[in-house]
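In what comes next, subunit A is part of two complexes: it sits with subunit B in the first one and with subunit C in the second one.
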Partner chain A sequence: MTKDDALQIVLRALERLNEELDEPVDVGPRTPLFGADAVIDSLSLVSVIVDVEAEASEALGKPVSLTDDRAINQPTSPFTDPETLAGYITSLAA
Partner chain B sequence: MNFVIERRDGRSIGMLSLAAIDRTNRHAEPGRFLIGDEEGARGIPAAVEAMKLLYELAFDELRLVRLYGTIAADNRRMVTWQRYLGMREEGRMRRHYFIDGRFQDALIFALLEEEYRTETLPRMKALIGMAGAT
Partner chain C sequence: MRQVADNVWCVTAGGFPANSYICRTDVPGDAFLVDVGLDPEPIAAALQILNCRPAHLFCTHGHFDHIGSARYFQERYGAEVHLHTADVKIARTNNFILMVMKREDRISLPPLSLVEDGASFRFGDRTLIYRSTPGHTPGSCSLVWGDQLFTGDTLFTQGVGLSKLPGENPAQLRSTIRSLWGFLDNVIVHPGHGPSAPGMIVKRDNAALRAFLAEDATVLDNCDV
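Moving on to the complex of A and B:
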């Protein structure tokens, strides 16, 4: 899986989330997902996590967990933005 | 028991409650979970932290063994959230809610103490921990 493949998985999850939000968020590689500038709340973030885990697991052919110890112990949170999350997913594929 | 969700700076951003507390059968129903000030909650895991505190109250202080509740079937975000945090779907009440001009089924969810300790708590801590890493 390339980083761009992973990025598309994350962006698709955000677009699915947007279909459920009263006020859709701007979706792009640098959309802040968590932290002071985040555009979504933790309820929405969990929706994104679940969608991304499901699609990434299918693409990689193995279970993908985005909230395990490895993810927590990253120096920068994988959920900083879609670009960072895509990079983290790609590292899981290696 | 009703609670206001406050940020550390004192800004009130939501509420939640623990109702129908049955100390004989040791169960209760979390509910009225609302983040009313979405702007105030943005960027912080307020919903996770609030629910973690409520679950600690239920399982650690009140020594309950089961929490349960219902969610409108079309509320996909809340259904996903509860499943992710360990709640099990136990049933469905057909046409139980009348929301936005139409009937919706209610899904019955429940969480047992051991599921809370092995699944819910680690995932809550992970979400809170990752927020702190940003």
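Moving on to the complex of A and C:
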């Protein structure tokens, strides 16, 4: 899986989230997902990450965990934006 | 600590408060726990007052406010920690949930003894039975202890246990509550949050629960409410 493949998975999950939001957010590789500038609330972030986890696992044909202690203990949070999340997914796939 | 039934005490504590229950068995000094949240100290203090040691901790489900300090009780008392198989993944995502909720707390899961629907544990003349009640989470269970029913977040005496967290399935929760409906007439309900109450009072007075069930007319009809 390339980083762009992973990025597309994340962006698709955000587009699906947008369908449920009263006020859709701008979706792009640098959309802030976590932290002070986050454009989505915490429950939405959880929903997106779980969605991404499922699709990435299916694409790779093996379980991918984005919500375990390894993920949250990364020096740079994988949840900062779609691009950093895609990078983390790619590292798990390697 | 407050006594909620014969030989059953409730401790509600922590920055994210949930109910923990201490159940004293027929064996002197012996007890078991139902759910432990993020803060173990008030529960340990209550155990000291009651002069009993828990040999088992039964978790109704895997959310951090119900299993958060399980390791503490395993290490201090040797308590065996039980959780339904279907909630192991939920339990492993707790620190992620705590992080996105911007909480400083982090938990460390102890080795778990996994249970399935119908698992039973004998304490003297009485038996505790795990009853699978999915919906709030895939592995949510209610624990039957004679006429005491520990429901976790499956059934509240006031309101409904919906959190929008991963794994929640409102339709399944409705179906689960339907399966419990007749049983409620004969038990005291001890929920994961909020006060205990007789099941028949919950059926009559929990307006939010009735409204939730009414969202699916089929369930409402079958519940005879």
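The rule is simple: the second predicted complex is superposed on the first by the 94 of 94 C-alpha atoms of A that agree within 3 Å, B and C clash if a C-alpha of one lies under 4 Å from a C-alpha of the other, contacts with A are read in each partner's own complex, and residues count from 1 in each chain.
Following the convention adopted for this analysis, a contact is a pair of C-beta atoms (placed from the backbone, for glycine too) under 8 Å apart; a residue touches a chain by one contact, two chains touch by 3 or more.
Since the structure is predicted, the reported quantities are computational estimates derived from the model, not experimental observations.
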item	value
Clash or fit (per the criteria above) of subunit B with subunit C on subunit A	clash
Which of subunit B and subunit C A:18 touches, first, second, both or neither	neither
Partner chain(s) touched by A:76 [first = subunit B, second = subunit C, both, neither]	first
First, second, both or neither for A:47, with subunit B first and subunit C second	both
Partner chain in contact with A:34 - subunit B first, subunit C second, else both or neither	both
Which superposed partner A:68 touches (first subunit B, second subunit C, both, neither)	both
More subunit A residues in contact [subunit B versus subunit C]	B
On subunit A, the residue positions that both subunit B and subunit C contact, one per complex	34, 42-43, 45-47, 49-50, 67-68, 71-72, 79
Of all residues in subunit A, those that touch subunit C in their complex	34, 42-43, 45-47, 49-50, 65-69, 71-72, 79
In the complex with subunit B, residue positions of subunit A that touch it	17, 20, 32, 34-47, 49-50, 67-68, 71-72, 74-80
Residue ranges of subunit C touching subunit A (in the complex, touch as defined)	92-93, 95-97, 99-102, 164-166
Sites on subunit B touched by subunit A in the complex	35, 38, 41-48, 76-78, 80-81, 83-85, 123, 126-127, 129-131, 133-134
